[in-house]
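Both complexes shown next keep subunit A, but they swap its partner, so subunit B is in the first and subunit C is in the second.
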Partner chain A sequence: MISLRDLTVRYGDTVAVDGITLDLEPGKIYGLLGRNGSGKTSLLSVLASYRRAAAGTVRFDGADPFENRALVRDIAFIRDSLDVTEQDRIAKVLDFAARLRPTFAADYAEHLVDVFELDRRKRVSALSRGQRSSLGVVLGLAARAPLTILDEVYLGMDAGARTAFYRELLADYLAHPRTIILSTHLIEEVAGLFEQVIVIDRGRLLVHEDTDTFKARGVAVTGPAAAVDAFVAGRTVLNEQSLGGVRQVTLYGALDDDEAARARAAGLTLAPVGVQDLFVHLTSGAADGTRRREALR
Partner chain B sequence: MFHDRSPIYQQIANGIKDDVLSGTLKEGEQVMSTNQYAAFYQINPATAAKGFAQLVDEGVLFKKRGIGMFVSPDARARLRGQRRERFFADVVAPMLAEARMVGVEVDEIVAYLKDGPR
Partner chain C sequence: MSPRRLVALNLLRIYRPVALWFWTAMIFCVGIGMTAVTMLTDPTFSLWLVIAGAAAKYWLGVIGVLLVSLHLRQFVSNGITRHDFLAGAAIAGALAAVLFAAAVPLGHGGEQLLMSLGGPLPAGYPTTSAGTALREFGHVLPAALAFLATGGAASAGFYRFGAWGGLALLPLAVLPVGAAEALLGVDEEGGFDVRFVPYAAAVLITLAVTALAALLYQRELRDVAIRRGAA
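Up next, the complex of A and B:
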């Protein structure tokens, strides 16, 4: 079990991660969702022991991973910079990774290089944005590390490469179950892979729950304005829009059967809200976003 | 796949039920593993497992320890019973509501059912 307690990361006066408390059970695929600048990378950097927290603790089964050789060996953290030598050719990068990591699966890495159609003779510095991301995926998945952290590794990948990435990720996870944390804002296309989602916003934890539970939270209520207003009174409203006399309100919080029946009896239509929309509404920067977030706490 | 609005595990469970009802999956037959389902539909295996767990609860599937999941001997009869109970509420009632809204008389519907489209 990975336990974060009141974790805080600061850069000078800027608070990037603001007191996050979180427990992650091993062996699951987690989706870390957050807007740009929400603190995803800072949070992951501390989790991976690349950075020390300003306050709070990280514990892997009770032990602090920071500068703990045995624990750090079990972590693969793939981030934008890739942490490789830019002048090296891909073949050498892979060779180096294999020497560095006892768990590295060299044959699987070769397979992935073929899947992503990477040229082993190319230098890292000569790769396109998408190829660079693909190399990150190769390093991250072939590491087969018990804790694999992939921080927005899909940048610049086209739809075909991303589909290949998701397919390989799932297949290798099924064959070699481990803890995988994937940060993303391309939510809709990958949400099905996550067992749990973690949403952070402005350095704070907004949501951590099973993906199915999260998906069921958003409900769009549509109908005559007066009937909609009466039904949604006292509930957490994420968004509202009107078209003539018809109003649509996005609610946060699953309705039970009785409530749903009551809404339908009042002439209202209920529809689920996509994960992407739910996320956008939850983390929107509008002034009333603050009120919404307060209501969620 | 999964264009339906219900949760994915529910859709997996419903798909298996349909297969049992139609006879595509025979009673006593082994169903694919959660991992096979996950790989095929590109979903998390925990989601597939949730669908299976629901079917075990409902008595449609049973688990043989260390081997896998199998269709219960009485699954088809059980499902038919359930679906028949819900047939009028789930299938006929919405049709009648639509008929009322567009002014189709019950007599017309009965005639259609008896004689087919004219």
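Up next, the complex of A and C:
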């Protein structure tokens, strides 16, 4: 179990992570979602022991991972900027990882290199943005570390490479279960992989729940404006759109059977809301966002 | 295998081909240079000592810089703690310094052997012996360690504290190089002199400030945030 307690990360006067408390059960795929500058990478950097927190604690089964030889060895943190030597060839980068990581699966890395059509003789500096991302995916997945953190690793990947990434990640996760944290902006594309969703906004934890629960919390209610307004009165409205006399309102909070029946009886249509839509609604707008966060609590 | 040994072995492995190229080029250049000089005049100096004696130190200084800017994140991202990286780098650096320092008197001996094959050695040529070889080794080794520590401490200061913080710590970081150059310098003929203080004191002072810079290096990096790039 990974436990974060009141975790705070500061850069001078800027608070990047603001008192986050969170428990992560092992053996799950987590989707870490947040807008640009929300503190995702700072949070992941502390989890990976790349930096110390300004305040609060991180514990892996009760032990502090920072500079803990046994725990650090079990963490693979892949950033969008690769932590490799630019002048090295791909083959050398993989060989280096294999020499240092006891869990590194060299055969699987070779398989992934073929899947992503990387040229082993090519230097890192000569790779395109998408190819660099693919190399990051190879390093992250082949490490088979008990805690694998992939921070925006898909940048520049084309649709084919991204699809291959999702397929390989899921297949290898099922064959070798481990804790995987995926930080991403391509939410809708990856949402199917998440078992749990963590949303942070302006350094604070907004939501942490399993994906199905999260998705069930949103419902889009569409129908005549007057009927919609009557139905949603007193509920947490995340978004509303009107076109002529028709209004669509996104509600946060599950409807029970009676409420759903009442809505249908009033001529309203109910539809699920995607993870991305919920995320956007929850994190958009400064003042509005604050109001939403308060409503969620 | 312990992580620090793993770090040391991999660092040596990374630099082995580079060092081989370096020393091969050095032998080639000094060989051509010394041949050209002996065709024109009777040399009263050892080109090997002049060039290799200095290059060995500078090389270690560059490695000290690269340890921070290039290798720290490379190792940490593969599950190595900062502490183990620093320990492994210290082992690899010390071993490289010993090998480089040994290469200087060995090369001097080789140069003398090649010159003696062409006839009697020039009268002013600084001939080598077991005693002079030991003296050369004893000069280059502390100087090489000093350059290594300075390279590491200086770049670690910039890595951790940025431009202004790094500049503020620079005087401390360059102390070992200052001491080595002032007290264990090489004269214009490639001879190894002691200046200002006896040899033992010069070595002790150089090693003491080198240890100070190494401590600074360790303090700068023991809990440093791993940056995305070189600095």
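Definition applied: the second predicted complex is superposed on the first by the 295 of 297 C-alpha atoms of A that agree within 3 Å, B and C clash if a C-alpha of one lies under 4 Å from a C-alpha of the other, contacts with A are read in each partner's own complex, and residues count from 1 in each chain.
Methods note: a contact is a pair of C-beta atoms (placed from the backbone, for glycine too) under 8 Å apart; a residue touches a chain by one contact, two chains touch by 3 or more.
Bear in mind that the values here come from a model prediction, so they are computed numbers and not experimental data.
Chemist: Clash or fit: how do subunit B and subunit C relate after the overlay on subunit A?
Modeler: Fit - subunit B and subunit C, as placed by superposing on subunit A, sit side by side.
Chemist: Contacts for A:75 in the overlay, against subunit B (first) and subunit C (second): which applies, first, second, both or neither?
Modeler: The second partner, subunit C, only.
Chemist: Once the structures are superposed on A, label A:172 by its partner contacts, choosing first (subunit B), second (subunit C), both or neither.
Modeler: Neither partner.
Chemist: Which partner chains sit in contact with A:84 here, subunit B, subunit C, both or neither? Use first/second/both/neither.
Modeler: After superposition on chain A, A:84 lies in contact with subunit C alone.
Chemist: Should A:99 be classified as contacting the first partner (subunit B), the second (subunit C), both, or neither?
Modeler: second
Chemist: One more residue to check, A:201. First (subunit B), second (subunit C), both or neither?
Modeler: A:201 sits against neither subunit B nor subunit C.
Chemist: What's your read, subunit B or subunit C touching more residues of subunit A?
Modeler: If we count touched residues of subunit A for both partners, the winner is C.
Chemist: First (subunit B), second (subunit C), both or neither: which does A:66 touch?
Modeler: second
Chemist: Quick one: is A:52 in contact with subunit B, with subunit C, with both, or with neither? Answer first, second, both or neither.
Modeler: Once the two structures are laid over each other on A, A:52 reaches subunit C alone.
Chemist: Contacts for A:152 in the overlay, against subunit B (first) and subunit C (second): which applies, first, second, both or neither?
Modeler: neither
Chemist: Once both structures are overlaid on their shared chain, how near does any Cα of subunit B get to a Cα of subunit C? Whole angstrom is fine.
Modeler: Minimum C-alpha separation, subunit B to subunit C: 27 Å.
Chemist: Please identify the positions on subunit A that touch both subunit B and subunit C, taking each partner from its own complex.
Modeler: none
Chemist: Which bits of subunit A are touching subunit B when the two form their complex?
Modeler: On the subunit A side, the touching residues are 28-29, 166-167, 170-171, 174, 192-195, 211-212, 215-216, 271-272.
Chemist: Please output the residues of subunit B touching subunit A within their complex, sorted ascending.
Modeler: Going through subunit B, the ones touching subunit A are 2, 5, 7-9, 35, 38-39, 41-47, 50.
Chemist: Which part of subunit C faces subunit A closely enough to touch in the complex?
Modeler: Listed in rising order, the residues are 3, 6, 10, 70, 73-84, 222-223, 225-226, 228-229.
Chemist: Considering the complex alone, what residue numbers of subunit A touch subunit C?
Modeler: It comes out as residues 45, 49-52, 66-69, 72-77, 79, 81, 83-85, 96-97, 99-101, 145.
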